[in-house]
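Below you'll find a set of structures to go through.
You will see chain A twice below: alongside chain B first, and alongside chain C after that.
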Partner chain A sequence: MIAPENIFVIIPLAAAIVCAFLNKKKSAPAILANAVIAACLLFCVISFFERLGDDWFYGEVVLSSFMLIIIYLIAAAVAFFAAFAATTKRRGSYFAIMLVITAGMAGVVCAKDFFTLYVYIEVVSVCSYALISFYNRPKSTEGAMRYFYLSSIASAILLFSISMLFMHTGATSYDALVQKILAQNDGAALNIILAVMALAFMIKSGLFPFHSWTPDAYESATSPVSALLAGIVTKVVGTYALVVVCMLLSIINFGIENNPIGRAVMWFGLASIIFGALNAQEQKDFKRMLAYSSISQMGYITIAAALATPLAMAGAVFHMFNHAAFKSLLFFCAGNVKRATGSTEIDSMSGLQTKMPHTAWTATIAMLSTAGLPPFSGFWSKFFIIAALWQAGFYGMASAALFASVLTLAYFLKLQRGMFFGKPSENISDIEEKNFGFLTPCFVFSFIIIAAGLYFPFIYDNFLSPFIRVLQ
Partner chain B sequence: MNSVSGFFAYLSACGLENLQFNYFAAVMMFFIGVYTMAASRNLIRLLIGLEISSKGCMLAFIAAGSAAGNIQLVQALLILMISVEAVVVSSGLILIIRAFRQQGNIDPTKLSGLKG
Partner chain C sequence: MSLHLFLVISMILCSLAAVMAKRTIHAAIFLALVSIILATIMFTAQAPWAGAVELSVCAGLITVLFASTASMIGRGESYAKRESKIFRFLPLGLIIFGVIILCCGDFFEPLFANTHNAAAPSLTTVGDIIWKLRTPDLIGQLCIFVAGVLTVRTMLGEGKDE
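Now for the complex of A and B:
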């Protein structure tokens, strides 16, 4: 009997093996990858709603089921976009790697054991290097190289902390750790182990002092790959794992009162919120600005996860979902602009909305949602995070997070004004947007952002309240 | 020589001679790798430093397994770890070869296509 989660790992892997032999075909690999990922998305949404009322369906289990839905949603959109955007002759290999990375991410969120987590994280990382440097351009080789070295250091640190955990508990599973916590013999050692682990995951998710690979990798990759990386890969291998570690930390220390490691992680989160927002102001390239914006939004998720009150956890998980939606949408828009004009330099063009109206309005929705304006879904998660910080007594951090949200609005309005609105420049007179395939993912994500913002009570009842039930 | 034997005598007096020495060696190996990465200006040497660090992690796993009395599980994990390492190292070497073919050098400070 196979457990239901294993299916989401095995099916894409099997499809990847088939896909790898279809290099000679033109459209077969894309159709196969899209069909498999869409079927898995449908299946995991159905199984989520089937299990919703069950007694054991809370906390950790809901988190991994919810993450599975996000992973397959983004992967489906990216595979659809890549079916039109990929210009390579080796389409079989391209879609095979995309299927393997999806299977790896599903494995990360289904893992119940730190060693399994490590193995799947390595699978995802190796596939990311391959996807970033797929087109054999000097820039992308270098971006992949920087990602390779920093990510490998993080993996070594993670492995070392797992060995410490093994020495301390005699096993590597989450269950063994929780048993050890319940047996209550040594909080200090577990705190140190989880601190080292949190360091590794902070490097993987690209938080402030360890951010240097993020802009390079996102800028040098092609647009579907950047959407996949920023939308879901760094979130799964870095932030999801950090959320798990922070949950364990808060269980060890019984809340926030004496949780030194949690506090330290919160400061890292705050630093990257402010650093990302300030650095995004001065970027000249659309995708680089999005990368710094990603660093800033990752800081919001981290600060809430490290606080670990029920409200903050709900905010962190919902912000993960929102960030996946709006950042992928923005990278798709960047891909559309790049395809139409051949460049993503902000200063080199203006008035794009006269020629590319759909790209312009979907990008505006995503930007306003990132900044946290009320009708959109980004408002609710930022509201949760800031309210949780205020409730727990971190008034300074709450004010700083609110202020950084205004900075987010500032740099995105600058981008919007410079690139999409304003007087059309001469060099864009002969461009047009016509391809249905490039715009469909943008429409879908705009719909999700608006719908999740307007029908927030539905999201709260079905996704967030079962998750936080155990924490209350 | 005296101080070394004194150190061992101290460890065995603690009753933890194997664990402490093994884990100490693993940590030393990890930091030798980190030092190699910090001190070299050649992508191949960086990769060698990374490998030394990873091998330090493997030694740490063995030490932890023998201390926890579960060496069988550690053997299984190590075989998996070695195969994962092989994949990671080969992908890193592919990237280095590409960088050399495209730019003609493997000095990380001279790779400057991305700035800002």
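Now for the complex of A and C:
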């Protein structure tokens, strides 16, 4: 009997195998991939609301189910966008890899064991490498190689830490580990092992100072792939796993006060927030700016996950969702600009709003949400994170996080003024906005960002509250 | 015991074949065989967890990585067309050797007497470990295999985009 959570892995995997044999067909791979991912998304949402209210549906189970919804939501948007944007002759392989990476991410969040987690993280890494270098351009191959090297080092560190964990506790499953941790008085060895594991996940997340692969990979990949990588891949293989580790660290040390590893991870998060925001100011390329912005936003999630109070965890999880939505939307907008103008250089054009109003306005919504302005969804998650830091007595970190939000607004305003809302430049006179296929994911994510901001109590009651119940 | 001996010697022969094979792809396949035999030995020696991990990581993941690398470096090369003839007959040799060991394996039994002392866990069969305890790992291995094949095909296959 196959467990229900394995269905979310098996179905896209089976579809990928079928897709791989459809390489010579033009539309069939895209239709198959979109249909399968949309069906899985629907199934995820239905099963989530069916289980809501059950006594056993809280904590890590809710987090997994919520992450599954985010994964399939982003994958559905990316597959839809790619159906119109992919210019390759090998569409079967392209959509097959996209399905396998979706299966791998679903496997990561469904895993209840660190070894299983490792296996699925490798699936995602191999597929990411293939997707970044898919078009065999020198720049994308270089980006893919950089990703591959750092990712391999992270995988080696992760495997080593899992071995150490097994040697020390005799278990790798989350439940068994919690039991062992609660039974042991001395958590020093476990702290060191989990610190090594956290290091591996920070590399996978692309946090400062392990970020060197991020700008190259995001800039050189095609827009759907960048949206997938920045939107969900780094969150699943990096920050989601980091959330699990931070929860274990919090259990070992009874909170952040006696948790030196958690504090160290918080400092890494803060450094990423500041470094990403400052570097984004200097960028001349739209996608590269988004890459540095991602480094900064991942810092917010990390700092909250390491703090591990109920309020901080709610903020971390909701910011994962928000960042997935607004960063994917921004990469779709970057893709639309690239298709229309042939470039994503910020200084090479201005006044795009006159020719591409939908792209310009949806990008504006995403940017304002990234900066944490009300009433957009990004406001709530940043508010939760900063409030949690303040509540826990980390006043300096809370102020720095708030200051970085202002920096985020500054670099995005610079981008908006330079690219979309300035005086129209002559070189954009003959461009036009792309069709329905390119704009639909932008509209959908804009709607989600606004709706999640306006109806935040619904999100809190149904998605965040059952998750943080276990921490309270 | 005869099974143990057969497995150990088969593993040594496959290791030799892996080292001496001229085609890198054949070397990767022999290496996978070594891992599979080693996992079987671990299962028979009452170490099912180690066996499952060996089967999962070495026979699955590492083989995909080696096969990918072999495909990359071997593409378009003709230097390895001729392979040592002795290894063409290796499967036949292994079968003959297996039959001999099965017929007169009791002769070697004292060599493996100590393995009986190992404590037997409650779940000992390959089926129990893989199907009852490690199902997600098994599906993950399938994913890794498909991902590896697709990656190699994408990077080295025919019909690349201009």
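We take it that the second predicted complex is superposed on the first by the 470 of 472 C-alpha atoms of A that agree within 3 Å, B and C clash if a C-alpha of one lies under 4 Å from a C-alpha of the other, contacts with A are read in each partner's own complex, and residues count from 1 in each chain.
By our rule, contacts are C-beta pairs under 8 Å (C-beta built on N, C-alpha and C of every residue); 3 or more make two chains touch, one makes a residue touch a chain.
Note that the coordinates shown come from a computational prediction; the quantities given were computed from them, not determined experimentally.
J.: Looking at the overlay, does A:P138 come into contact with chain B only (first), chain C only (second), both, or neither?
T.: In the superposition, A:P138 contacts chain B only.
J.: Of the two partner chains, chain B (first) and chain C (second), which one does A:A156 touch, if any: first, second, both, or neither?
T.: Touch partner of A:A156: chain B, not chain C.
J.: Quick check on the superposed pair: does A:R288 touch chain B, chain C, both, or neither? Answer first, second, both or neither.
T.: first
J.: Thinking of the overlay built on chain A, is A:A111 touched by chain B (first), by chain C (second), by both, or by neither?
T.: Second partner only, chain C.
J.: State whether A:Y129 touches chain B only (first), chain C only (second), both chains, or neither.
T.: It touches chain B and chain C both.
J.: Considering only the touch criterion stated at the top, classify A:T440 as touching first (chain B), second (chain C), both, or neither.
T.: neither
J.: In the superposed arrangement, does A:S348 touch chain B (first), chain C (second), both or neither?
T.: A:S348 sits against neither chain B nor chain C.
J.: Based on the superposed arrangement, let me know which partner A:K89 touches: chain B (first), chain C (second), both, or neither?
T.: second
J.: Using the touch definition from the top, say if A:V100 reaches chain B (first), chain C (second), both or neither.
T.: second
J.: Can you list the residues of chain A that meet both chain B and chain C?
T.: 115, 119, 122, 126, 129-130, 133, 136
J.: Which residues of chain C touch chain A in the complex?
T.: Touching chain A: residues 53, 56, 61, 64, 134-137, 139-144, 146-151, 153-155, 157, 159-161 of chain C.
J.: Where on chain B is chain A touching in the complex?
T.: 19, 23, 26, 30, 33-34, 37, 43, 46, 50, 53-54, 56-57, 60-61, 63-65, 67-70, 73-74, 77, 80-81, 84, 87-88, 91-92, 95-96, 98-99, 102-103, 108, 111, 113-114, 116
J.: Give the list of chain A residues in touch with chain B in this complex.
T.: Where chain A meets chain B, its residues are 115, 118-119, 122, 125-126, 129-130, 133, 136-139, 141-146, 148-149, 152-153, 155-156, 159-160, 162-164, 166-167, 169-172, 215-216, 219-220, 283-285, 288.
J.: Give every residue of chain A touching chain C within the complex, in rising order.
T.: Result: residues 2-3, 6, 9-10, 13, 16-17, 20, 23, 87-90, 93, 96-97, 100-101, 103-104, 107, 110-113, 115-116, 119-120, 122-123, 126-127, 129-130, 133-136 of chain A touch chain C.
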